[in-house]
Amino acid sequence: MDRLTALPHAYKLARRDARSTRTVVQLPNGAGFGGDVVAICAGPCSVESREQIEATAQAVARRGANVLRGGAFKPRTSPYAFQGMGRDALKLLRDAADRFGMAVVTEVLDPRDVELVAKYADMLQIGARNMQNFSLLREVGEAGKPVLLKRGLSATIEEWLMAAEYLLVAGNNEIVLCERGVRSFDNATRNLLDIAAVPLLKSLSHLPVIVDPSHGTGVAKLVAPMALAAVAAGADGLLIEVHPDPPTAASDGPQSLTFEQFDALMGQVDTVARALGRRVPAAVAA
Amino acid sequence: MDRLTALPHAYKLARRDARSTRTVVQLPNGAGFGGDVVAICAGPCSVESREQIEATAQAVARRGANVLRGGAFKPRTSPYAFQGMGRDALKLLRDAADRFGMAVVTEVLDPRDVELVAKYADMLQIGARNMQNFSLLREVGEAGKPVLLKRGLSATIEEWLMAAEYLLVAGNNEIVLCERGVRSFDNATRNLLDIAAVPLLKSLSHLPVIVDPSHGTGVAKLVAPMALAAVAAGADGLLIEVHPDPPTAASDGPQSLTFEQFDALMGQVDTVARALGRRVPAAVAA
Amino acid sequence: MDRLTALPHAYKLARRDARSTRTVVQLPNGAGFGGDVVAICAGPCSVESREQIEATAQAVARRGANVLRGGAFKPRTSPYAFQGMGRDALKLLRDAADRFGMAVVTEVLDPRDVELVAKYADMLQIGARNMQNFSLLREVGEAGKPVLLKRGLSATIEEWLMAAEYLLVAGNNEIVLCERGVRSFDNATRNLLDIAAVPLLKSLSHLPVIVDPSHGTGVAKLVAPMALAAVAAGADGLLIEVHPDPPTAASDGPQSLTFEQFDALMGQVDTVARALGRRVPAAVAA
Amino acid sequence: MDRLTALPHAYKLARRDARSTRTVVQLPNGAGFGGDVVAICAGPCSVESREQIEATAQAVARRGANVLRGGAFKPRTSPYAFQGMGRDALKLLRDAADRFGMAVVTEVLDPRDVELVAKYADMLQIGARNMQNFSLLREVGEAGKPVLLKRGLSATIEEWLMAAEYLLVAGNNEIVLCERGVRSFDNATRNLLDIAAVPLLKSLSHLPVIVDPSHGTGVAKLVAPMALAAVAAGADGLLIEVHPDPPTAASDGPQSLTFEQFDALMGQVDTVARALGRRVPAAVAA
């Protein structure tokens, strides 16, 4: 008797057998989630300036990153913390991505901002704190853009797939799930990265799954080994925070890689991916 | 050296020493949170019909409940579950409360609904899943109505007070915190009700704190002992789910009390409250 | 459908319906667990000297404590921390308890020490870290002494009752369960005290249940409200750490009460207990 | 500022800088933990018969497993569950291992059994439930045999290293840490396998680290991807449950691999290991 068959499985459209083939989510620049090429989403936690986002885009694109991430609207625990550059950041992200052949993924926090964010981004991110923000899920579900749906801070696999179901019911089939760690009793790491969620989701659902080892650990030196672990477990992509100068980052500096660290990581990821019949994207000319 | 002094305490306006006296939140019908009278919020999980909400209001009001709760917009894990009667429910809640001298508290899920809900409710509830929905917090902070801020599913005390800080920064000082249990490893109960949060919050903040033993346990037979425990620990109020016929409830039946169970509970709560120098509200004439 | 009925319930002898009446555990000095009188176990975390344990016994006995606690063999996370005074502590405990009419409860860590500890103690404590130390459970089960079985650091209710079942199967029926908090994601408190375990266990089993708010919170100022909450929820007793001078305690100082704090607490506990038809023990003459 | 530097680090002998080189634990048959060859420990959860253990040893040895695991003394949640074959199992394990050139690792539960188990085993396992059984740690620390120290059910990294410190202080330097998953709120998997513990421990300590994806997931189909993830994250070995006929296993059937599944896994593990400059052991002639 299998523990997995005892789960409620209340989702319908997200079930693996709801489709004849696994879902592959494709972005306009050719980046894909779910095929042989492991998608590489990289960039700073927050967009801070044109210089910062362009330098980062250039650095990560030349090593194969095909999706540029960067926060424009930031969900911050404190009302006194940097809340993001908003609309300005969206434009900077779009410009930087276009210049280096990348797609844009960025988070949307408010249902009233979905249209605005969708104008600039190729993929809308629903963050961990909003995984069960059902108004936002419905609005994003109708936006006609691929979605990156992060796991909630303490969401079960079942609840996570039910959140995806809200998007699917709204007619959006282009969903990528992103494991980013869950709450635990040990504060040695920021979160407990649940790598087993990757094969588990792939067993239960047809949707592609990526991993965010930056938020998943909160510690820069753990990002590389966990990125390799994710790819070895079958992840369809990675989300990596990279910053020109992590100690001065407006947010998440301790978990951000330098350009050099990112370069080294991509070499390792490609090696592990190739051992398993996959690869990282070829670098675009820059 | 005290464990509590080692916390970050990044909130400012929510700190206990930010005010010379503890906050008492007062609703138009005279219900108060933070004084000698323990506020009793009671009603069904979801508003289902005029008959259901009126019968419940009458039953709970005659035993001293002074705030009527009932869901109009429901946050449901599944898109296929009952999502609430929306605007119609708001009107039914208002009518029933007015008829029996009660105030209304109900949840708002979407920043675009704040104005609508504020038109009917005396107190806006921010649910556990939205404790870090910062757009909603900002909008509710500006609505000019008292707020019931539930603890997030796995929110730390620090994060919870930071969420309150979002409301306070927006100019809203009438905030009541509601402990409703957190995620744990044991599914014997729906959540793990953290009664220690009551004295802990009262030590750290000037805001009143109430407890929801219905969601906090998910089991009707545990509601009464946990309501008594909450009052003994110093809670300023209780939030109790009551339904005319729990087995047929549209949501949360297993944790809802019958009218008879609620009657019995109020007697016990009053006894414990009086032992500690407090009391439950006097019943309004019905 | 009740969440509780869906549990495995693999225990047999611990089930509520395995006996016609609830178990009452009686110690030689008359202290009882499970009757109308709430048992009060109090004393220092560790026995440190004759003066310390005698002064504490005298102070707590004159306010009604009827069981003296104190660690002789201490389970310490660090091999470099104070490990307890061992055999010497057992004698000091016995002498102090006898002098003030109290019973002795103390922890046994090693199956080879059961006989020794049983020679001096009236009740053998199995600590949280040893709840699933099955060799120790078997040995203690055959020792012919009442047992205080603490909940494991992250033990489910089911696992806890199964640990009690090991004792029951060995022929020992005099078991008291002690809730002492479980691991959580929030380090504001040392543990998360699960007060709902009290009515839950009483619903599932015939065994008496007490609560340890000292370990359950790790913060002296939270001990009193949580002790009251425990009694309000139906606890059959309390386990309270008390020390003549908490700041100099060899272990657990931050969660230990002074004599004055203990005095004040007993008055409050008696008030709440009497409101619910129970009471704290009458003080022995000292 | 690094989150890891803020930890207490109360261990001394386990610290990475306590030694000039990383510890490599070597067993008599040449199996090593910490070098270029990834140790492969495999076998049934419980030893059930000579036929079962010999067939399993043969099957796993021919694919490179160099350490035979199998429970003789079983820690079981229920006193009614199969408790292991005890001394007889130790002999069967020894015979089977010798016949196929393997070493033996098996769990010891009771300090009084350490000498007996050490007579048959090459490596003593301290199980998750006993990670803070300090009497057992001390006894095993003096037994003169390498130790496999599993992580406690909800042990922090700090607590785990402190448990290792108990062994080190007792004079035993041959310790291998084994991540086997921790308690979480989601029962989709039996435990939450904390792969990040591998690089984290390697950063903090000189001790080798292996991973048990069988207990870490509780689901046979998740064992292979998590084994690959562990090796990609830098694990020095794997502990894999294998059974001739999992559905009939006396314990842990749902997480045990068949011989065929184990064969396939070893090929994949070797591929990933080689991509990272390591490899699985060469198969011994059988």
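Per-chain numbering from 1; labels A, B, C and D assigned in written order.
Heads up, the rule we're going with is that a contact is a pair of C-beta atoms (placed from the backbone, for glycine too) under 8 Å apart; a residue touches a chain by one contact, two chains touch by 3 or more.
This structure is a prediction, so every number in the text was calculated from the model and none was measured.
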Winner on C-beta contact pairs when B-C is weighed against B-D: B-C
Most widely separated chain from chain B, with each centre as the mean of CA atoms: D
Inter-chain centre distance, chain B versus chain D - centres from mean C-alpha coordinates, in Å: 48
Centroid distance [mean C-alpha coordinates] between chain C and chain B, Å: 33
Sites on chain A at which at least two other chains make contact: 154, 183-185, 187
Interfacial residue positions of chain C with respect to chain B in the complex: 1-4, 7, 154, 156-158, 182, 184-190, 192-196, 198-200, 203, 216-219, 221-222, 225-226, 228-234, 254, 268, 271-272, 274-276
Of all residues in chain B, those that touch chain D in their complex: 154, 183-185, 187
Residues on chain B engaged by chain A in the complex (per definition of touch): 10-12, 75-80, 109-112, 129-130, 132-135, 152-154, 159, 162, 165-166, 169, 183
